[in-house]
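Structure provided below as C-alpha cells; questions to follow.
In this document, chain identifiers A, B, C and D correspond to the written order of the chains, with residue numbering beginning at 1 in each.
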Amino acid sequence: MSYTELTVWTRGIIMDKEGRDIVNSVSASARLEGKYAQAMENYVDNPDRTNAPTRKYCRISDRVLENELTYENEHPNIVVLVEGTMVKGWDYMRGMPPGGTLIINTHYSPEYMLRFVPGVERLAQLVCVDAAHLAHHKWLYYRLGELGLDRLSTEGAAERSKLIAPDIAAPLIAAVVKSTGIVKMETITPMIANKNAFEMALTEMKIMQFNPVAV
Amino acid sequence: MATIEVQRQVLPILANPNQGARFYNPELPSSEPFVPGHRTCAGCGPSIQYRMTSKAAGDNTILVGPTGCMYVANSSYLCTPYNVPWAHTQIGSAGSFTAGVAAAYEAMIRKGKWKGQYPNIICEAGDGSASDIGLASISGALYRNHDCLIICYDNEQYANTGIQASSRTPYGGMTTFSPPGPEVPEGKKLFPKDLARMMAAGHPHCYVATASVGYPIDLMNKVRKGLNHRGAAYLMVYTPCQKGFVYETPRSIDLGRVVVECGLYPIWEWNPEKREFDYSFRPQNIRPVSEYLKLQGRFGHLHAEHIATMQKFANEQWKMMGVELPEALLQAADPKNQVNMAAAAEAEAIAETV
Amino acid sequence: MSTVATLKKKTVRINGCVASAQAAKYADVDVIAAYPIRPYTATMMALAQMVANGELDAEYIVADSEHSQLSIAHGASSSGARVFTGSSGVGVQFAYELYSPISGSRMPVQMMIADRTLDPPGDFGSEHTDALSTRDMGWLMGWACDAQEAFDNHLIAYRIGEDRRVLLPQMVCQDGFFVSHITGDVELPDSGQVREFLPPYKHPYPLDPRHPVSHGPQIMPEQGPPLQLERARAMEGCMSVIEEVHKEFGEIFGRHYDPWLEEYKTDDAEVVFFLQGGHGVTARFAIQHMREKGLKVGMVRLRTIRPYPTDRVCEVLSKFKVVGVIETNMGLGSPSSGGVLYADACAALYEAPERPLVISFMAGMGGEAIVLKEFYWMTEKMIQAQKRGKIEKRTHWVGFEE
Amino acid sequence: MSTKGTKIPDWLTVPFAGITPAPSQDKGQNLFPTGNWRAIRPVYRDKLPPCNNACGTNEKIQGYLDLVKRGKYLDAYALIKEDMPFPSVTGRVCYHPCEQACNRGKYDEAISIRAVERFLGDLGQALKHDVIKPGKPNGKKVAVIGSGPAGHSAAYQLARMGYRVTILEKSSKPGGLNRGGIPTWVLPPHVLDREIERLVELGITIKTNTEVGKDVSWDDLKKNYDACVLAVGLTEPNSVRAEGENKGGVLYGLPFLRDIGMGTSKVKLGPRVAVIGGGNTAIDCAREALRQGAVEVTMITVEANTQEMPASPEDLHDMLEEGVDLWHGRAITAVLGNGKVESLQLHPARFSGAINASPITIDRNAPAEKFAVDNVIIAVGQHASLNWLPAEFKNERGTIKADRFGRLGDTNFFAAGDIAQVGSGQPLMVVNAVGDGKRVAFNLDKALRGEPLQPRTIAIDVIMDLNRMNMTYFPHFPRVHQGMLNPLTRRKTPDEVIQSFTEEQAVEEAARCFSCGTCNACDNCYLVCPEPCITRPARSNGLYKIIVDYCKGCRVCIEECPTGCLEGVPELDFDTGVVRMDTAFAISPGLHGRQAQELVNLSSRPAKQI
C-alpha cells in the first residue's frame, strides 16, 4: 500500500493561509484521483500566535485512513517550510523515514541551507524555491485589508477566501508536486489561483539529491 | 482589639521622558517580574503592557490572571514567565479572586500570619473579562474598595479564542463574530462600551484612569498611582492585538500613540478626592481616524460612510475632552471627504464562505 | 487578636446555622465570603455580628454573587488564608464553575451548605439536590443531622481538608430547616481543645511574593491525565486521614463519630433505611415505635458521601435483607428514575456475595417533612419485598401510592 | 481503590496541582526559548551623524552634544579637543557646515552647534590646566611653518603625539589668519592668546618674526628637523587690475584687517568707503570700516545678487543690519583721483562662467558709473608668496604641489591649509584648515613611522534619512538663539557682537540633538520589548544586548528606536542563533519532572528579596 504524510510548517497568523492552502489543495487533488486523503490544521498548539510555528497536516493513502483522529503526522515523508528561517528552529525532520523530501521557501541555495538541516541522512532531496520572490510577496505583510479577511479562518473556521494559493503557496505547491509526484500535475494545476508563480516555480526551483540511509 | 497595623508600599512617580527637547527615559526599576519565554504573538501589545506594569509594581507583587491570552499564551505547558506569584482564575472571577487575595493579606498581616509590607495586588483582566463576563465581579471589588489594582488590558476583542467581538470591539471592527458581508458591510454595527467611564461613575471613591502602551511612562505612573491609592483602583490600557488588529508587528507602540491622536482612545484620570475627571492629557498632534484605521487589516473592509461615522464618534470624544476641533476633523466626518478602504470590494466578494 | 483564643467550654441552645457560624469562629477563619440566600443566610448573619462585635477577627466580604463568593474563597485560600463560605439551593449552582478549579488547585476551601430545593418552585424546603449535583467535583462532602454534629463536622472537615496529604475543599452540609433552623444543645469547646485539634492553616505553595509560584498554568492535552490522576489519588488517599481525624476528634472532644456510617439498631435488623441528613432524627423514633411492634428494622445514615465509603457500605448493607434508600434528592432519569443515592448504594453492593433487595423512596421532596406514618409505610413496602423475595418496583413516590 | 497500582511515567510527571515554580530573574524562563520565531534579527549599529561627517575636522559633534545634555561639560570639552585645538575660536568664527547638514534642519531648525562649541571653548579657556596633555616624547623634532589655523592644528596634534614642535611665524604675533583675518569684534584677541598659551603649555616653541626664505632657509629646515609642515597660507592680496589702482587711499582687504589685528594699523578712513568683493573677507572689511570711523560704507560686488555671493548669509545679514549699502553686478575699472582716490569708475560685469570660479566679463561699452569715495578696500581673494620653495614643489596655481596625503614628493615635508588646498579657488574655512592640519599631522607621524598614509576618510553610512529615525519622540522645539548687540550701537564699538550661551541655554540647545544614528542610552528599546529580551549590564550608550534565544523578531525595538541605531537583519544571514526545539512546544522529556522537584525544594530555597 502507499501511504504518504505531508507536514507543512508555517508561521502562525501571518502565513497561516499559505500553509493551509498547500495541504488543502494537495488532499483535494488526491481525492479527485480517487485516493483517501485528509487535510487538517494543527490543533494541539492552538490558538496559534504570530510568528509561532504552526503545522498543517496532509495524509494520502490508497486505503482508508485509520489514523484520522491522531493529532500529528508521526512520520512525515514530505516536509515543507513555508518560511525559510524555520529551518533553524525545530526538529521538523523528526520521524521522517529515509527517502524524505524537505522543501524550503528561500532565496538561498540548497547548499547554503544544508548547514541548518538536522538529520540530513534521511533526505532524498532538498528543494529550495524562492516562493516569496516568485509570488511578488511583500515580506511579511502585504495588503493588510485582504490579509484581515483571511485571518478570520486561522482558528479553523470556514475558509472565507475562495482563492486557493493566491500567494506564496502556489510556488511551494508546484515544488511539492514536481519533486515528489504526490499527486498528478494536471489535477492540481486548475485549483491554483496564482498560475504565473506556479509555472515559474516549476523551472526556477533548485533540487539537491542525496542517497538516504536508514536511521 | 489589639491587631498588627498593615504597612503599605509607596512607589515613587517616574519622571517625564521628555526633558525639554530631549527624549530620555527615567531610571527604571531593575527588577524584572515578567521574564522572556512565553507564547504571546510577536509584538504582543498586552504583554508589552504586562511587562511595563509588573516592572512598575516591583517584586512585592501578586498577579491575578483571569482566562485570556495572558493566561493561555504566557503560562503554556506549565512554563511560566511570571517571577512574582501569579494565579489563574476563571474569566468571570477577575474582581472576586483578586478581592480574595487582598482580603487574605489584610487578615493575615493583621493577625500576624504573614510579615511584611502589604503586597501590590494586581489583576490583569482582558476586555472580555472586564467588560462582559467579569463585569459584576470587578464592580464588586471596586465597590468594596479592596486595596488592589484592577487592570483591563483592552485589546478590543476576545483574542485568545480566535478574535471574537467583545463589548469593547469598536464599530466597524472585523472579528470572527462580526465578519463583514453584503448584508453587514461594516462588520460590527455596535459602538464599544465606555467601560472606564462606567467604572469611574459607579465607583467614585476609586482611582480610575485610561492609558495606552503608546505612552509607557504615563502608563507606569498610572499603575503606581493606582497602587499607591489606598483602596481599589481601575486602569484601562489600550493594548493592540497584532493577531486581531492585523498590523505589522513593529507598530504595536505606534498604534498606541495613533489611537490616542485620533481621539478613539481618550486618555484621562478620575480624581477620587476632587471627584472630577482630569482631561489635561494631550497627544503631540491630532489626526483624522482614517490614519489609525488604515494601519489595520480589521478595518480594511470599511466604506467611506463607515469611516465618516467613526470620525463623528471621535469628534464627540474630543469635544468631551474639551478640545477645539480643527476644521479638518469636522470635514472628515462627512462621507464625501472619505474613500473606501482597500479591501472594501474584496470583503463582499470573499463573503461567500466555502 | 480576636477573643477566639480565650473561649471557655459551655453548652448553648442554638440552631444548625448558628452552630456552623460558631464553628467558623472557633476555627478562627481569616476570610468570610457571604451572599444572601435562604436558609444558610443565618450563618452569615451570625458571623457578621461576631465580626462587628470583635469576637472574630476576619475579613467579612459581602460578595456580589455566589460565583464571586467561591472566587473570593479561592483567591483567599490560594494566598494562605483559612476561608469560610456557604450557600443554599440555586446559589450552590450559580457558583458551579468554581468547584472543579478549586479542588483542581487543591485549595482547602470550606463551604457550608444548608440544603434548599432547586427552582422550580421557589421553595425554601430542604432537598439535597443542590449539593449532590456537585458531588463529583472533587470536594469532600457529608451531611450532619443535628446542630452539634454540624458544629463538629466543620472543625473535622477543616482538619482533614488542610492536611498536607489531602488538600481538598470541603462541603459541610446540613438540611435546611431540619438542621439549620432547629435549635438543639450544642457543646462549645474550650478554645484550647480546638487549638490542639486544628493547627493553623498552611498551604505548601501559597501566593507568597517571597516564594513566587504560578497557580494553574495552561497545560497540554497530554498533561491533563497525570493531573487528574493526582486529584483522584488525593480523593482516595484521604479516606485513611478521615478515619484518623475522626478518631482524634473523639479523643479530644469526647464525641466519637463513625466517619462513614451511623448504624441505628442494626444488630438484628433485617430491613434498614439508608439515608443522610436530618431525617435521621425522625427515623430513629419511627424505628423505636416499629420495634415495639416487633419489626426488625434499623437505620444506616451516610455521614460522608464523598469520598464514598464503598467497602463499608457494601459490608454493612449486605448484612440485611432489604435496604430502603430515602433519597431526598432529584435524579431525573437516573437508573432508578428517582434519586442519586440508589445508584451509589447498588454500585457499592454489587460485589457483595449476598446482595440485599434495594428500594428507592422519593420522600421529603421539596423539603416536605417525612412524618412517622411515612416511615411506617416505607417499612411496610420493605417487609413486603422481603416476604416476596423481590421488589415491586425500584422507586416509590412516598405519599402518592397506596 | 481505582488509583491503586497507577504509575505516572517520569516524562509526564507534573508539579503538585500544576503549580509551577517561578523562573529565576537572571536566567529568565529557560524552558521555552522563542528565538526560533524570529525571521528578522534586530542589530545595534551606530551610524555616522551628518554633522560629524560635514565638519571640516570631523568633530564628534553628536558625542559632545550628548555629553552637554548630561551636564558632563568637561568630558564634552575633552572630546571636542580631540579634533579641534581651539573650540573657543571656531565657536566664534566657524561657518558651521555641521549646522547646514544637521538633520534637525529638515525637521524644524538646525542645532546651534557653533554656539555650544563656543560655550565649551570658553569653558576650556577658564580651566587652569587644560585637559589635553602632551604625548610621551619620541625625540623627534618637527617644524611647523605658520601659526594660522592649519599650522596651529598640525602643531597641536603633533605635540599630542609626542613630537618636539617648533612653530616658525613671520609676524610679530602668532595666530596667522586667526589673528590677522578675523576682526576683534568677532574674535577678541585675548581668546586667541589663551589658545596660543595652550600650545606653549603643550611644550611647543613659537618663534615669531621668523620668516622662511629670509631668516630660515629650506636647507636649514631639512637639516634641523626630522620633518616639517608648511602652513604658510595665502598672504598676498589679489588686485582688481584696474588703472590707477596704485593711488593713495586704496587699501587691500587682508592687510587692512591684519594690521588692525596685529595692532600695527596706521590707516585713517574717510567718511565714504567702498569695499570691492563679495566674500567673507569683504564683509569683515565693510563692517570693520564702520568701526574704523567710516560713515557711509558701500559694498560693490560682481555677483548679481546676494545668493551668488560666497559669504555666510548670517554675516551678510548682520552687515546689512549695520547699515552697509550693497551694489551688485559691477566691476571697478578705474580708480580716479589726483594722487589719491576720489571716485571709482564702475562698469556692469558678470562671471563668464561658474560663479567665483571663472574670469569676469566686463561690459565696457555700457556707460560708466562714477562713484565718489574717500577710500576703497579691495577684498577679492589672495595668493601665496613662495619664492623660497624649490620650483619642483610649485604648481600652476602658484601654491604647493602636494599629493593627496599632503606630502611633498617623498620628502618629510608636508603642506597643510590654503597653501596646499585643492578644489575651487576659494580659501578654506578655518575649520577645514584645522582638519587639514590634523590629517597632515597624522600622515606625517605615519610617514616617520613608516606606516601607510591615509587620505581624507570617507563615511561608511551617514544617516541622512529622517525615516530611519523615529521623529515622534522629538516634539518641535525652537532653536536657542545667541544674544547680539544692537546694530545701531555696535557699529561704533569694538565689542564682540555675538554673545555666548549661558549654561542653561547650552544644555537646552544640546537637548535638541536627535543623536542621529547613535545610541544615547534613552532606554526605549529596553522599555518597549514585549518579551522582554533586551538587557543592559549598565545604562550606557551602546551597551544594550538582545537575547537572541528569546527575541521573536517583532521589530518593535527597531521601530521605536528614536535615533535609528537599531536595524533588522534577516536571520538566515547568521550561522549562529540556532534555537532548536524537539517539537513545536517547549516540552522536552523530563522537563516537568525537574519542575516538580524544584517545587518541592521551594520552601528550602532562600526567600526572594521583596
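Quick note on the criterion: contacts are C-beta pairs under 8 Å (C-beta built on N, C-alpha and C of every residue); 3 or more make two chains touch, one makes a residue touch a chain.
Since this is a predicted model, take the numbers as computed values, not measurements.
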Chain closest to the middle [Cα centroid of all protein chains]: B
Farthest chain relative to chain D (centres taken as mean CA coordinates): C
Inter-centroid spacing, chain D versus chain C (mean Cα positions, whole Å): 87
Rounded Å distance, chain A centre to chain D centre (Cα mean): 57
Distance from the mean Cα position of chain B to that of chain A, given in whole angstrom: 38
Multi-chain contact residues (two or more partners), chain B: 39-44, 59-60, 72-73, 75-80, 82-86, 116, 119, 242, 249
Set of chain D residues in contact with two or more other chains: 14, 18, 20, 22, 37-38, 552-554, 585, 587, 592, 608, 610
Chain A residues counted as touching two or more neighbouring chains: 44, 50-52, 140
In the complex with chain B, residue positions of chain C that touch it: 1-2, 30-31, 33, 54, 57-59, 61-65, 67-69, 71-81, 83, 97-98, 101, 200, 206-210, 212-220, 223
Interface residues, chain A side, partner chain B - complex: 12-13, 47, 49-52, 140-141, 143-149, 151-152, 154-155, 157-162
Chain C to chain D touching residues, read off their complex: 104-106, 167, 204-205, 209-217, 219-220, 222-223, 225-227, 229-230, 232-233, 236-237
Parts of chain D lying in touch with chain A, wherever the complex brings them together: 36-39, 552-554, 570-572, 575, 577-585
For the chain B and chain A complex, residues of the former touching the latter: 39-44, 72-73, 160-163, 174-176, 179, 242-244, 246-249, 295-301, 341-344, 346-347, 349-354
